[in-house]
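First chain A sits with chain B, and in the next complex the same chain sits with chain C.
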Partner chain A sequence: MTEGGERRAWIVAARIWIGIFLVFLYLPIFMLILFSMQKNQFASFPLMGFSTEWYRKLFNDGTLITALGNSILVSPAAATVATIISFLAAYAINRFEFRGRNLLTGIFIMPVLIPGLILGVACLGLLSRLHLNGELYSVFLMHVLLTTAPALAIIQLRLSQLPRSHEEAAWDLGATEWQALRRVVIPWALPGIVGGWLLAFTFSFDEFLIAWFVAGFDQTLPVAIFSVLKAVVDPSLNAIGTIVFLISGIVLVGVEMFVLPLVFGREQGTDSNPGV
Partner chain B sequence: MENSAIALRGAKVRTPNQSWLREFCLLPAVAWYGVFFFGPLCFFLWFGFWRVEDYSPVADFSLTNYREIFANMFTGSNYGWGIAQSLWVSVPAALIATTCTYLVVLAIVYGVPARRQRLALLLTVAPFWSSYLLRLYAWQIILAREGAINSLLTAIGLGEWRIALMYTQIATRIGLIHYVTPILIIILYVTVSNIDRALIDVSRNLGATRLQTFRKVILPLSRVGLITSVSFATIICLGDFLSGSLLGGGGGTSLIGRVPTFPDMIMSEYGSSSNLPRTTAMASILVVIMLIVLAISIRLMTPALKGNRR
Partner chain C sequence: MQGGKAVATKDLELIGITRRFGEFVALDGIDLEVGQGEFVAIMGPSGCGKTTLLRIMAGLESTTSGRMLVKGRDLAAVPIHRRPTRLVWQDYALFPHLNVFDNIAFGPRLGPHVPSELRKKVLEMADLVSLEGLLDRRISQLSGGQKQRVALARAIITEPEILLLDEPLSALDAHLRIRMQGELRRLQQALGISFIYVTHNQNEAFSMADRVAVLNKGRVEQVGTPEAIYHHPSSRFVAQFVGMNNLFSGKVATVSEHYTEIASDNGPIRAVTGSKSPRIGETVHVVVQADKIKRATAHTSNENRINAILRGREFAGSHNVYLFDLPNGNEIKIVSEDEPGSPPEKLSGSPSDLYFSVRDAFIIGFQ
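Coming up: the complex of A and B.
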């Protein structure tokens, strides 16, 4: 085979492999959406035709919708508090030199590295001693902790790209530190703040184990889905699943708009890395 | 006179590094982590040593829980087999996930034009943003005995090819692999895209074939990323309870037998007994196993890191 022909063959093989991988990744999501809109009681072929029956059942039934309501309450609240906390911390870490700065950054990232099972058991132990468990706000308290780490990572990435001179120029021109923070740093950090919030929201919205341990009867959506899943075959799960994927999809578009430019921003447009 | 005093005081003006803003900004995060992270974690480590009297935990430094657990390693509750099952599920899952993802990343970096790489990355990482629980449920409807794959095979007349994966640990691994791959994509993409193109060009110009270049240049330079990704995936899989419960059905079949994974045992222990200290002690053992995996991976990484520094 000629050199060019061999190269072609490799590239074709590479793309086929990416294709197979994408099918593996998206097959479950596709199936769930497909069967949410079919008459079939069980997810099996042949398809019996389009129907919105399961969506109607979902909204009439109520439990999953109540849980969705709980999640819609807890996740944005947790994400907002986590974003505020992590913006302040990221600002301090980025601006000030102090001993133990790297250690502190490492500690802030830790909660996402520790498995939910461990953190869940640990929280339950402590919160039950303090009689704080079994309520929606216990989930909120723990989710703020869990989502601070990803939000912090994104915001810190953005802040580290802010040239130091911007803030110093504001001080020289007579701005107080507070004014400089409000007028210079926050506008600059805004894409990072939005991206951090979206990431925090996603982490909280999908989090199951910690919520399962501390939620009690105020279930968040993943906890409620798990209870239904363990009990019966219920196609309204397909319907709620489709709705959740839709929400995730919207968040993902936000991430694509705010987070990816931060990561790839500099490389955009410069074709420095042409394919083989 | 007065003027110079002002000037002196002015000279002592605080540097930008000293400001009330530093404490003000760090305080919320430090307070939150102290109360809701270090509090629970320290308590967690201690709680495993508590005793239970009349169904309620009593503060103590007793080894009762650990003694009970180690007495039940291979008899009674069979915790040891649970740990073995967990390792047998997690390590192969991590290896398969890393291999497949590595090949995908190589394909993206070397087989996709630069302007489309970002799209390819976005597509491969996107499932990370969807609910893990729902993805497992979707695998359930795909793999079930009368599920999507089997009913499709029957419908097109290939009935004898039906699969029986549901409620085996193979299904557990499929769920786990589906969960970790988007994360591994990021780790491995960072590794592979940082390999200097010049090294590859030199190797090719000096007459090495593609496979030789891969074996002698790309693979050694990916070593740290590959070890990181295998150990990271192993730790995530070891701590996961959902896939083993939903796809493995609790005690899923494998070469080891119908034994649940260790996290599954922890969860059922939590559900069935009121002995929270013992559940905590079991979770502490899981932490120790994870730390051992981490230590092994760091040990494996050290020569590679030294090699890079040379």
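Coming up: the complex of A and C.
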């Protein structure tokens, strides 16, 4: 075989490999969407025709939709609070030398390292003693605790790349601490803040164990899905899955298309190189 | 000095500035005065404390003790963002999320301003530092020299009383560095404010500054015009730091009206007797510039003669630098334009007599 031919063969092989990878990744989701819109009670072939029956059932029943509503309330709120706490902590850790700095970082990261089951039992124990359990805000409180860790990791990474001279230059030019923070530090940290928020949101939106322990009757979506799944095989689950997939897709595409260009101007990413 | 009026003629006064980091003394009682609209270079090897001193002047670093006055006003209680000084960083510290225009406008926008007037002022500044047509560029699209100009414009637009520059040309290539030296000097004269310029580069300091302060181990070794520092270094350190000087050490043997004789390892050396003379028996250094030592044999009673062995020659374009070993093992350099052609291998190892005039030998290092 010639050298060029060999090269072409490799490229074809690589493309096939990527194709297989994508099929394995997205086929289940595609199936989910497909089965949510057909008549068969069981997710199996042959398909028995198009139907919106499961969506109707989903909305008539209301349990899962209420749970979705709870999740849509709790997750962004928890992610936002966690992101604010993370930014403040990351800023302090980067800017100041103080005793227990590493300890503080460790304490913030700890919740993701503890198995969810143990954390869930512990949270329930604490909250019930404080008479804060069994409500939606119980989940919110515990999700703030949990999602601060991943948000902090990302924001801290970004802030650690900020050259010290940038903030100093702002002060030197007449900026107060607050002005320097708003005009120099936060614009620099924004990609980290956006990324941290998204990760925190995803962690919270998916989270089952802690929510299951502390939620009581105000179930979030993963808890509600599990309850339904325990009882019957219900194609409504395919319908709610499709809706969640759409929401996630819209959030991601929205961030990509609207938030990031707003932050970076036209040339997205050219200015994310520190010190160049 | 007559009270307040005399004080106000100084742009900057540093009085006994001391900075300790634990046991380490970074700055040890720095005294320095900068006159109105003066260009002062602070020069020294890395680790001498020059950057710490500059950061103290900017308010970014605190002092252990000492006072700093700008136009007679004590800055001790003035926070960084209200100081009349601006710093230009070695890495420029431009804001990457803003374009050139917004970087320059950063300072004025922090306070009350009229947008249309600000726009005019930014355009004027861009004109002053030759940045016309680049105002929409992002920082990542600029060359080193252009970044340098943005950093200058961003500082100058805020109308500081003193501009502090931390090795601002060190990131540029040699050609651009020389051009920027001229531009900086012109800019300083056009603005009429004081520039304090920190560098380890003797050429930069000498070509731009009205006066040069040489720092070593947190102390000011010498302050003076470039000519004074070059021709009359006041200490052994300055003499060695300002390249192309040769040093001879020895004890003072005799002192007369015209010359002082020093007994060195390499034989007696006569040097000019200055206004202040050392005591007999005191250990001193004699400085002789490399271009004042001759290999010619024109021997008069007014010349010192030393024996040396030629070790090699460095060709430096317009002149040659010859290296000699002295009898006591030390090395001396001489610069000369003569004797082109002869290959160094033939010369090296040959004993030579070197001469220098008593008038070109200066004594330093005595109490």
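Convention: the second predicted complex is superposed on the first by the 221 of 276 C-alpha atoms of A that agree within 3 Å, B and C clash if a C-alpha of one lies under 4 Å from a C-alpha of the other, contacts with A are read in each partner's own complex, and residues count from 1 in each chain.
Note that a contact is a pair of C-beta atoms (placed from the backbone, for glycine too) under 8 Å apart; a residue touches a chain by one contact, two chains touch by 3 or more.
Bear in mind that the values here come from a model prediction, so they are computed numbers and not experimental data.
Participant: Using the superposition on chain A described above, determine whether A:Pro187 touches chain B (first), chain C (second), both, or neither.
Facilitator: second
Participant: After the superposition on A, what does A:Thr80 contact: first (chain B), second (chain C), both or neither?
Facilitator: So A:Thr80 meets neither chain B nor chain C here.
Participant: So, does A:Pro163 touch the first partner chain B, the second partner chain C, both, or neither?
Facilitator: second
Participant: Contacts for A:Ser51 in the overlay, against chain B (first) and chain C (second): which applies, first, second, both or neither?
Facilitator: Neither partner.
Participant: Once the shared chain is lined up, is A:Val244 touching chain B (first), chain C (second), both, or neither of them?
Facilitator: A:Val244 sits against chain B, while chain C stays out of touch.
Participant: Look at A:Thr176 in the shared chain and tell me whether it touches chain B only, chain C only, both, or neither; answer first, second, both or neither.
Facilitator: A:Thr176 sits against chain C, while chain B stays out of touch.
Participant: Return the chain, chain B or chain C, that is in touch with more residues of chain A.
Facilitator: Chain A has more residues touched by B than by the other partner.
Participant: Under the stated touch criterion, which partner chain does A:Val255 make contact with: chain B (first), chain C (second), both, or neither?
Facilitator: Touch partner of A:Val255: chain B, not chain C.
Participant: After overlaying the two complexes on chain A, where does the chain B footprint on chain A coincide with the chain C footprint?
Facilitator: Shared contact residues on chain A: 168, 171, 264, 271-276.
Participant: Going by the contact rule at the top, pick out the chain C residues touching chain A in the complex.
Facilitator: 58-60, 80-83, 85-87, 89, 91, 93-97, 106-107, 110-111, 138-140, 154-155, 158
Participant: Help me check something: in the complex, which residues belonging to chain A touch chain B?
Facilitator: For this pair, the touching residues of chain A are 6, 10-11, 13-15, 17-18, 21-22, 24-29, 31-32, 35, 42-46, 84-86, 88-89, 91-93, 95-98, 104, 107-108, 110-111, 115-119, 121-129, 141-142, 144-145, 148, 152, 168, 171, 177-178, 181, 202, 205-206, 208-209, 222, 225-226, 229, 237-238, 241, 244-245, 248, 251-252, 255-256, 260, 264, 271-276.
Participant: Using the touch definition up top, name the residues of chain B that touch chain A in the complex.
Facilitator: 16-17, 19, 21-22, 24-26, 28-29, 32-33, 36-37, 39-41, 43-44, 47, 100, 103-104, 106-108, 110-115, 117-118, 120, 122-124, 126-127, 129-135, 137-142, 144, 146-148, 150-152, 155, 178, 181-182, 193, 197, 210, 235-236, 238-242, 246, 263, 266-267, 270, 276, 279-280, 283, 286-287, 290
Participant: Once bound in the complex, which stretches of chain A touch chain C?
Facilitator: These residues of chain A touch chain C: 163, 165-166, 168-176, 179, 183-184, 187-188, 264-265, 267, 270-276.
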